[in-house]
Amino acid sequence: MSDRYDPTDRDRFTFGLWTVGNPGRDAFGGPVRPTLSPVSIVELLGEVGAWGVNFHDNDLVPIDATAAEQDRIVAAFRKALDATGLRVPMATTNLFSDPAFRDGAFTSHSPEVRAYALHKTMRAIDLGVELGASLYVFWGGREGCECDAGKDALEALKRMREALNFLTHYVKDQGYDLRFALEAKPNEPRADIYLPTTGAMLAFIETLEHSEMVGVNPEVAHEHMAGLNFTHALAQSWDAGKLFHIDLNDQNGPRYDQDLRFGSCNPKAAFHLVRFLERVGYEGPRHFDAHAYRSADVEDVRSFARGCMRTYNILRERAEQFEKHPEIQSLLMEIRAGDPVEEAQPPYTSGKAAALKSRTFDRKALGERALPYERLDQLTTELLLGNI
Amino acid sequence: MSDRYDPTDRDRFTFGLWTVGNPGRDAFGGPVRPTLSPVSIVELLGEVGAWGVNFHDNDLVPIDATAAEQDRIVAAFRKALDATGLRVPMATTNLFSDPAFRDGAFTSHSPEVRAYALHKTMRAIDLGVELGASLYVFWGGREGCECDAGKDALEALKRMREALNFLTHYVKDQGYDLRFALEAKPNEPRADIYLPTTGAMLAFIETLEHSEMVGVNPEVAHEHMAGLNFTHALAQSWDAGKLFHIDLNDQNGPRYDQDLRFGSCNPKAAFHLVRFLERVGYEGPRHFDAHAYRSADVEDVRSFARGCMRTYNILRERAEQFEKHPEIQSLLMEIRAGDPVEEAQPPYTSGKAAALKSRTFDRKALGERALPYERLDQLTTELLLGNI
Amino acid sequence: MSDRYDPTDRDRFTFGLWTVGNPGRDAFGGPVRPTLSPVSIVELLGEVGAWGVNFHDNDLVPIDATAAEQDRIVAAFRKALDATGLRVPMATTNLFSDPAFRDGAFTSHSPEVRAYALHKTMRAIDLGVELGASLYVFWGGREGCECDAGKDALEALKRMREALNFLTHYVKDQGYDLRFALEAKPNEPRADIYLPTTGAMLAFIETLEHSEMVGVNPEVAHEHMAGLNFTHALAQSWDAGKLFHIDLNDQNGPRYDQDLRFGSCNPKAAFHLVRFLERVGYEGPRHFDAHAYRSADVEDVRSFARGCMRTYNILRERAEQFEKHPEIQSLLMEIRAGDPVEEAQPPYTSGKAAALKSRTFDRKALGERALPYERLDQLTTELLLGNI
Amino acid sequence: MSDRYDPTDRDRFTFGLWTVGNPGRDAFGGPVRPTLSPVSIVELLGEVGAWGVNFHDNDLVPIDATAAEQDRIVAAFRKALDATGLRVPMATTNLFSDPAFRDGAFTSHSPEVRAYALHKTMRAIDLGVELGASLYVFWGGREGCECDAGKDALEALKRMREALNFLTHYVKDQGYDLRFALEAKPNEPRADIYLPTTGAMLAFIETLEHSEMVGVNPEVAHEHMAGLNFTHALAQSWDAGKLFHIDLNDQNGPRYDQDLRFGSCNPKAAFHLVRFLERVGYEGPRHFDAHAYRSADVEDVRSFARGCMRTYNILRERAEQFEKHPEIQSLLMEIRAGDPVEEAQPPYTSGKAAALKSRTFDRKALGERALPYERLDQLTTELLLGNI
């Protein structure tokens, strides 16, 4: 069955090797699915219609592989990319699984661990660039603490900054055409992770030496874990010119990191997200950082991957309908009606300020203007449900 | 009973008129305590030993007061300040109670409402400065939405920025010695408030025309409502040179805004907060933005106010003990031990990067180094409990 | 415009006087809408197509009304009911607004307050029965604490039990045909409310003298505030024969009590809820315990009320489609396939147990059976979105 | 160093094999500590002063062990128990790790899986009883769903009930002196787990055939994950005569399951918990279901275990001080003052009801009585901090 929601290259849908390749291990049980080779994952992604594939260094090359092994693996992977037409838009480093990083990588108290984290990241950047990545994501899963007595958050920020500065220098020095995207998460696996929200990351970026090459990679689940509105986080990122990448999935509020199929928990929140991306003209990849339920077998993993993309395309269609729906548009015009007040318009002048300060306002009338948001939201819900 | 925890002027403890003056109204019931006049509140604060008092414009002067009424009120207030020796370090605007602001003030769709919000804020700034405030707080309680279909978050950010730019111009134009502090809150009374965390505010500030005069006012309860570590938010604010003010209270995680007595919900989190402020040498006011339980009468409101200050001073003493405790300090030294790795130290050079990339690391050894955080955290707990 | 989603009497849609009558007051601002008289609210509900109206005693009769005033109010209300054809299926007591109840009603430390709470409830029961109610709801908004040092939870449970026992005796003694439904909420306006979940209420009911006449009134928002699956709470209530009433609204996870328009936050969770009610054949009222946004005027309150009912009817249609959808039903059959294992079937016998204990299982095969939940959930999402 | 907080047998402190034996694996990284044999864990627990040790069947005996291997393992374990003087008060079944249980054990759709779960549990019960357990815990980590379309919650409850009925019959049939304790958890590793709170479990127990032998095992972290007050859950369990066991640890609100060292996150909440247990005279084991940070080595695991017990004993001492503190006790008397109102006292009579209905109350006076909870809570905090 093929229809207008089938993924196309224009959609720029990507998955990480670790997403469809996730074997279903969790904190309370071991793997339930066979471990797929990177080549098999690329083939699976090609089959379901993805446009690209992303990876952590150790998704592709085991942490203890020899140089020769790495070469063989990379060659096979490249061949699979060629065969399927997939590309690698993004790469990242695993700085969280190895026991060496159990108290952080860039923020570890150990200078040796921090140095190893830089070493590992430079090598992983080389690998990512070699395979075509133009974006490099940083998720610092262990950059946090359980015990505030033992780790100084100020020092951690300083160390994080030094590491990122080092690495932006490295990228420029190598002449790589590569940008960085920082990904926030409030907690898990640490009790508290530093720079816990997209907002915090945006602020941190402004303290970097090459802030122009560093943006964010907001993830739906991670903002929802803090009870935050993901679309608002996107808006702030876009407003700052920093929406370099996005991690699409779903999550039911503050709890463990669920990484659910895109749109599967709350399709209305997903609708607003898609509407935002499409309206502003976001042109980066739509990356699904999700994984199938632990109950799934490989066939159901395929359904999972297809479902992520299909729901995106359905919601995009709805977003287009929203922009054209007569009553919705008429309500929006009503809600937004009103003539500009000249004294309040930029640029500021002393004269405007004085005039504005002495202006009289009809507070009561302002409190009574119609704002039919209930009507608008109900229409939006019905449009989402395919009823109008 | 008087002891070493009694508040002194050196402590710079402040309360808002709205805190001890809160009559106990909530979403499910009306006031339970008499409404105290601003003068009575100042007297109460003087009596319990506060150093200063803050206010929203309409805490002091009713929104519909005439100029003459305002003069009388301000004169009486000033007299009470003189009598008690209290000062006004901070002022702010109520842009959330009046129905005119029910869909936002600076981010309202109505140009007239936005203009009124500027008008009201300029007048409130004048009032604050007249009474000695050197800091002006912005909490945009209605700057958010329930219905993402109806309000464009990008446009809201743009409007918020224009308003703050206008007001920084105004302050400079008036020659006021006044800085701004932006206060974040994730939700309540709106479903989602824009710029929901201190991190988001710090990022937003960097987009302002006079960002140097704008900092943050982090509030314990507001970060806890997003499940975030408050001390980490303080650290990022301090790191950015933006910790202009602080709202101390307590809150038990994601739920309605509790504004509990400082340290009363989780004294351990409060300990780390106090330890941070004292270590970095924060010199601003310690403002308690809390209110007594709805069960309290005015006498219990006094206990509430005294309790906030007393707990702070107890925790400060503990923080000093922490810095001197032999085993704690020895554990910290152990945890932080390690020689710098020269190649990883700034400044970056190509040579260092190359050396670091080819360096060999003993991953296993790094994974096995001792990190006695359980021991350290247990000692910290016992120190907090007064046992060591 | 009229269509198949218009409310009919068969739908049994009800609203509380306090829902559409809510004037938009919240913790940060006063009323924004005119206070509607009970008669006007009944007329509004009649106009939008509701089947019934519920009330707290003081929604209808002010707490300080004289007997004569009460008679006049009740007569006018009854006339409005007759004129519109609405009925009163449920009534309840306001035991949370008055300062007398600020530390609880049935669980207050004051014997006088507890007696007054019984007094007020008996009178409110009389009023409810007089107006036709066959169900009486108990929501103990102040039955909790902020300070665990001051209120003994064991004693509180005992007092709650004594109050309910007293009142069930009273109802029987009066010969009323009335059942009770207990409504849980985890917090707000108290830091912690006793019996915080529907599950806790179900357990508590079993400790009552006339437990057979006491059931539950689960509310969507209240379970979501604890991050719980509302449909699962319904299932446990139904399983226990205790689903006497229901409060429909919406809520975005742990935060302040939002009471949003039904289905407006998460239509997928609402779909499962509706599917559950319709499948089991729940025949009680569908009560919307929600209120319009504070931005709404009375016209938008009408849109709000219509939207609650309309979304329910749309979701009911989808639930019917779900039961008939060939691929969904075929997946369900596949997921549920398997022959009963006789030894594990009730009734227990020693022989079965012995046989079962020595039976051999193919653990590996059990771990590999197909469970295509991703496919099923994606189809459910597309059905919800009106795409299949 | 030895002092009055050292654990003694009177304290009845227990740990699960899986707690101090936890190798530090989590969802984002593999083990960091050596896997300790059951014998080594018993030795470690003996060394730190625990009174008992609990286990899941597969903590002790691998799921694929032969009968001969089991015998050898059990003999060695028993020898270690004898050597250390530890006992096994509780045992439980691992029904969550094996892929066979990935969609539930007792609630699986597969009759074969359900039968296997009974088979495995009977064998594990035999093993527990053989080693002296008098209590058997059920935590159904996989008894839930991600996809409400695929699993019927009503049916799940029915299956859970049948399984527990089967197993109570089995225990009686075998003549075992064993009680069951059901442990609730709201989510993780499933999106939603059935019977998510202690309250829900208490209600469910009432639907069992041998409810008298089934109680609850409340866990601090699991209630906190739902934002609930743990002490209130204890109170309801105790009130129902169902507090058969307890899992002590700590957790910072709704987020992933942290299983932190007892009292380490919020010592004030832990204080109320200990005060409750000691006041009511709970005589069961104090079981610490926690694990050390992933940063810990085995030495730090010892500190973790010692810390759990030590904090309990410190808090017990504080609880005793609370009961004797003059001002605290005087405040409690003031708060609780008031003469009984005879008409409101059980037993109910028509006459009392009539008298109570016509009684006049001084609402205003009731709203003004003093309730100095702020003072009381501040004293409690200072007592907790060792200052009074």
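In this document, chain identifiers A, B, C and D correspond to the written order of the chains, with residue numbering beginning at 1 in each.
The working rule: a contact is a pair of C-beta atoms (placed from the backbone, for glycine too) under 8 Å apart; a residue touches a chain by one contact, two chains touch by 3 or more.
The structure presented is a predicted model; accordingly, all values stated were derived computationally and were not measured.
Trainee: Check every other chain and keep only those touching both subunit B and subunit D; list them.
Mentor: A chain counts here if it touches both subunit B and subunit D, which gives A, C.
Trainee: Name the chain pair with more contacting C-beta pairs, choosing from B-C and C-D.
Mentor: Contact tally favours C-D.
Trainee: Please work out the Cα centroid separation of subunit B and subunit C, and write it as a whole number of Å.
Mentor: The answer is 38 Å.
Trainee: Cα centroid separation between subunit C and subunit D, in whole Å?
Mentor: That pair's centroid distance is 29 Å.
Trainee: Please output the residue numbers of subunit B that touch at least 2 other chains, ranges allowed.
Mentor: Residues 32, 98-99, 102-103, 146-147, 186-187, 225, 227, 252-255, 293, 295, 367-368, 371, 373-374, 377.
Trainee: What residues on subunit A touch subunit C, complex-wise?
Mentor: Against subunit C, subunit A makes touches at 32, 227, 252-255, 261, 263-269, 292-293, 295-297, 299-301, 303-304, 306-307, 310-311, 314, 318, 367-368, 370-375, 377-378, 381-382, 384-387.
Trainee: Residue numbers of subunit A touching subunit D in their complex, please.
Mentor: 24-32, 96-99, 101-103, 141-142, 146-147, 186-189, 191, 225, 252-258, 260, 293-295
Trainee: Would you mind writing out the residues of subunit A in touch with subunit B in their complex?
Mentor: Those residues of subunit A that touch subunit B are 63, 98-100, 102-103, 109-116, 118-119, 122-123, 145-150, 152-154, 156-158, 162, 165-166, 169-170, 173, 186-187, 191-192, 194-207, 225-229, 231-236, 238-240, 254, 272, 276, 280, 322, 328, 331-332, 335-341, 343-344, 346, 348, 350, 353, 356-357, 359, 361, 363, 366-369, 371, 373-374, 376-377, 380.
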